[in-house]
C-alpha cells in the first residue's frame, strides 16, 4: 500500500488515478518475471548456440580423428573425436530447443483472478497490457497454475545439465594423465607455476551442479493453494532468478572453454596405443571366429589379453607367437589398427551434420 | 556374459549366433526403458485426460456458481467454482501436452557407440530394429546424451505437480470447516465412524510429493562420462521407474477423486456469507469514490470493516448507519451481493472451454 | 595471483612476505565460510529458541484449551491446543539442538593438503591459526571431505522444516473459516481492506520451502574429486549462503508470528461443536460396547452418525431417540462433552514441559 | 477396518478384543518403520565400518607411498596414498557416527495423539509397548513432528555421499591412463575381453547418486498438517525404504571394492614422474627466493616451466642450463624429488590413526 501511494505520487496528471488499478501485487511480479526471463534468455540461448556451433565445427574437423572410446571410465574401443563432439553438439542443441517455446505470459487478474475491479473492461485492459509489453496473453490467470514457471525451470535444468555433460568430458580429457585436450586459457595457480587448470569447464560444471536442486524447488512450489499461494509463490522468486543466472553462466563458461579448446590428435593416438592393441581384442575375436568357432575364439583372445597385461607385452606379439592363430603378422597388424575399427562413426557424424544444417535457425 | 550364453542356448537354429551381436548391455536396457515408458504413458495420459475432462465439465456446470476466492488462505473476493475448475483443467491439460512428444528412441550403438562389430551393416541393423519395435531412430547414440530421459522425467514432474495442485485444493475445500466439496467415496476410519477423509485426493498428493526429488536425481544423472557413465546411468533406473509409477498413480487417484466429487453450491455460498459482506469491501470503496474521493472512500470503508469485525455485525448495518455513506439501503445490498461481483469469471470460462474444444484430441 | 599481490602491497613491514604463504585459495574460503556460519548461526539459534520458548508458553497457558484434533485435514477427535503447541516446541527444540554441534573447523592444508611449503612448521601454523580465530582444528584437511558442510546444511534443513511445520499449522488455523488463531500484525492488502493475512507465517513457509532443494545440492556436491574438486566445491558456495540466509529468515519470521499470535479458545470450541458431537462417536461406541457387544455398538453408532449428517441434527438427539441406546440423556451429554475426552493430553504437556525445564540452556 | 477384523479373527481368546485397541494405523506403520530401520542399520553400519577399517589399513601401509596430489583434476603437488586413504577413512567414520544415534522411537498416540480411547492407561500401555519392542519411548507423539525420520534420512544421505566420494576417487584412479589402483575382481565385458571395470566402485557410486533427491523428499515431507498429514506422511514411505536400501547397497559395494583393491606404488610414481618435475616447481621457487627475491624467483620458475612444456624437456634440464639458477645439479635433483616434498603428510596420518584407535568401537 505505501508503495502504491508513493508511485501514484510520481505519476503526473489524470494517469495517477490508474496506478495499480485492478492489479494485485502478483500481477506485477509475475509480469516482471516474464520480462526478466525474456531478457535473460536471449544471451543464454546465444551462448548455448555458439557453444553448439563450436562443437559442430569440431565434429567436422575431427570426423576421422581416432581416439579411445571410454566406458565406465576405462578405454573400451576406438571412436572418433568427431563423433564425441557431435554428441556434445546434439545435447546442447536439444537443450537450446527446449528454451525456444513461447515466453511466460503476461499476468493480470486482480485480487482473485476475476478482474472484478475493472468492471467490464477487464479483458480489454489485459489484452492491451499484453500487446504493449509484447508478451503473450494467457487463456486463464496463472496465479496458481504454475506450469509456465515450471516449464521454464525444467528447460533451464536440461540445458544446464547438457552443458555439464560437455564440461565434465572436457575436464576428464584435460587430466594431466590423459591430455586429449587443453583449454586455450587455462587457469594458473597462486603457488604452482606449472598448473594448467581447465577453469572455464570447471566453472561451467559448478554452475550446472546447482541445477537439480533448484528445479526440485520449482516443481515442489507448483502446488499452490486456491487463488494465491500462502508461501509457495514467494518461494519461487529466488530459484527462478538463480536458475536463469546459473544456466546463463554455465553457457557462457562453456562457450569460452570450447572457443579456445586445443585438441591433440597425437596425444589421443598415444593414449589409444598405450594398451598395446588391447582395445582391438573384440575385432581379433571376430576374425578368428570363422576358423575356430566363436566361443573358442573368444577364449583364445581372452587368454592372450591376460598374457599381454601380465607380461607387459603388446597384444600383437602374444598373438603372433600363438600357434592357434593362423594369421599373417601383417594381417594381425591390420586388425590391431584402431583407425580402421571405428564402425559407422564417420557416417553418424555426416548424418548429424546434415540434419543440423537443415534445421531452421 | 553368462546371461548372453544362457539366452543363446534358448534360441534355435542359426539365429543363435546373432544373439546380442553388436549390442552392448546399455543398448538392451535403454531400448527396454523406451518400451516400458511407451506402455506406461498410455494409461497415464488417459487418466490425466479423463481428470481434465471432468474438470472442464465442472467448469461448464458451475460457470456461475459463486464461491469465496481465497488468497494466502484467506477469503479475498468472490469468484466462481467454474473459473477454479477451468484453472485445474488448464493445468492438467498442460501437463498432458508435455507428455505427448515423441517416445524415447531405440538405442543401438555397441560398446563405444560406433556399431563397429556390425561392420558396414550397423546403421541398417539399427534402422530395422527401430522399425520392428516401432520406436524412433535417433540421429546419434544417446548412451551419455540423456536429454530424452530428462525430458520424460521433467514432463512427468510437471504433470505430477499439476495433479498435486488440484488434489491439494480438493483437500483444502473438503476440510470439515469448509466443506465446499466432498469426495464421493470418502475413506472411513477404523476407530472414528464419522470421518469422511478425501482419500483419493490425499493419495494423489502423496504421489505428487515424491516428484521433485526424483526429477532432481534425473537431472543430476544427465552428466554422464565419455561413452558410458561410471554410475550415473545405473542411478537412473530406479528414478525413471518410480517417476512413471508415481505420476501414473497420482493421475489415477485424481481421476477417481474428481469422478465422484460432490460440489455444494449452498455451502460455498454459506462460506461466502460468513464474513457478512466484508469480501465486497473493495466494491463499496469503488462506489463511494466519485462522491468522497478515492482516498477518503478507502479510509471510510477500512474503518467500517474494522467496526464490523470488532462488533460482530454485518458490514451492511455498519455502512447503513454511517452518515457519510449516502447510499440507499437497497443500493448497499446490491453492492454487497457477491454474485454480481465476479468480474469476467464467466467470460474466462467460456473462452477456455471454447479453446479446449478446438484443441485436437 | 593478482589478488595476492594486491593484498601483499597493503601489508606493512616484514609481514608482507607471509601473506597467503603456505595457503591455497580453498584454505581462505573454507575458513571464511566457517567464520560466516558461526556468525550467522548465533541470531538464528536465538530466534529459534525464542520461537520455541513462546510455544512452551502457549503449551502451558493452553494446557486444557480443548480444540479439534485434525487428521487428513478432517476433524477427528478433541485434543488440546497445549498439546499441539508442545509438539511445535518439541520440533523447534530438536531443530535447534541439531545446530549446536562444533562449528566448522579451520582449513589450512596448502595446495595438496600436505602443508608442504611451510616445511616442518605446517602443523604449528595451523594450530595457531585455529587458536587465533577460535575455530576447532581438524584432524585432517577437509578440502574434499565435506561432512562438516553437509552436516551444517542438513541441520539447517531440519531446523527450517520444523519452522515450516509450525508456520503451516498457523496458516491453516488462520483460515477465514477456521480462525482458531490470528496473527498479531496480519498483513493488509492494497485493494481489500478486510484482509488479515498471516504474513509472518507465510514468509516463514516461503523460506522453508526452499530448503530441500538446497540440501540436495549440498549432498550431491559432497562427492569431490581427489585433493580439490573440479566444480563441486565451487557449487557449494551459493547453497551454503542461501541455506543460512533462508533458515535464518524462517526463524525470524516464525518468532514474529508466534510473539503476536492471538489464540481464540471460543472459536476453537465453536469449531469443535460445529459437527454436533460427531467427534465423540468413538467414545459412545466404547460406552455401548459392554451392553451390545463391540461390533454391534460400532454399527449402531455408525448408523446414528450417518443419520445425524443426513438430517442435519445433533448426534445427541439421534442417539436419544434410538431404543437400543439405553443411556440417560445426561449420560449421553457427558459422553459427547469434548473437554472430558482428551485422554492424556494434559499429562503429555506436563511431562514435556518438565523435560524442557531440565534441559541445559 | 477389514484388516483389523481379519487380524482380530486370528487372535485366540480374550486377547482378540485388544487388537488395534487405542491405536491408529500410523501408530502401526511408524513403529514398523522404527523396527525396519533398526534392523537395516545393523549390516549397513557394519559394512561402513569394515570399509573404513580397510581405509585405515591402507593409510598405515601406504603412509609413505608418494603419489600425485590432484586438484581440479590436474596433478598439483606430491602427496601420499596414506594421507588420501586416511581422508577416506575419516569421511566414512564420520558418516558412520551420524548413524549411531538413538533409534526411531515407538509410536502410539491413537487417532489424535491423545490416547483417549485407552482412558487413564494410555501412557502405561505406551511404556510397555516400547519396552517389549526395545524401542525408545518418545516424549510426545511424533505423528507430524518428523525430525526422527528426517534425521535418519539426512544421516543416511551423508553416509551415502561419503561412500560416493571414496568410490569416485577409486573410479578416477582406476582409469586406464592413470591406473594407480585396480579393483580385485574387476568386471569383464560381454564383448571386450580386455576390460577391467571397477564395477564395485561404480555400483557404490550409482547408489550414492540417488541419495540427494531422496533426502530432498524427506525434508519436504517434514511439513505435515495438524495431527496427521494429508499426503506428506504417505509420501515418506518409499523414500525412507529406498534411502535405507541404497545407502546399504552403497556401503556393501564399497566394502567389496576396497577389500580387493590392488594399489600400485610403481604406477603412482610413474604418473608423478610423467611431468618431468613440474610438480615441484613451487619448491624450486622457495629455494631460489632468498637469492633472487620471491617475485623474481616465481617469474623465473614460471618461464622455466613453460619452456619445459613447450620443448618437452624435463624441468631439471631447463633449470640446469639457466645461468640465473645458481644451484648445483645434485641440489636441483634433490629439490625435484617428490618423495621429500610431502610436507606433514606422514604426521597427519599418524595423528589420525592414533585418534581412530582411541575412539570407542
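Letters are used for the chains, namely A, B, C and D, taken in the order the chains are written, and counting of residues starts over at 1 for each.
Going forward, a residue touches a chain if its C-beta (ideal position, glycine included) is under 8 Å from a C-beta of that chain, and two chains touch if they have at least 3 such contacts.
Owing to the predicted nature of the structure, the values given are computational and were not obtained by experimental measurement.
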A-B or B-C, whichever has more C-beta pairs in contact: A-B
Label of the chain whose CA centroid is most distant from the centroid of chain D: B
Mean-CA-position distance for chain C and chain B (Å): 28
Separation of mean Cα positions, chain C and chain A [Å, integer]: 37
Two or more partner chains touched - positions in chain D: 24, 70-73, 76-77, 110-111, 117, 171-172, 189, 191-192, 198, 202, 205, 208, 212-213, 215-217, 220, 230, 282
List of chain C residues in touch with chain D within their complex: 17, 24, 69-73, 76-80, 83-84, 86-87, 90-91, 94-95, 98, 110-120, 122-123, 139-141, 144-147, 150-151, 154, 157-158, 161-162, 164-165, 168-169, 172, 205, 208-209, 211-213, 215-217, 219-220, 222-230, 282-283, 286, 294, 341-345, 347-348, 351-352, 355
Contact footprint of chain B on chain D as seen in their complex: 1, 4, 20, 24-25, 110-111, 117, 167, 171, 188-192, 198, 201-210, 212-217, 220-221, 230-235, 238-239, 242, 246
Of all residues in chain D, those that touch chain A in their complex: 68, 70-77, 171-172, 174-178, 187, 189, 191-199, 202, 212-213, 216, 220, 271, 274-275, 278-279, 281-282, 285, 298, 301-302, 305, 309
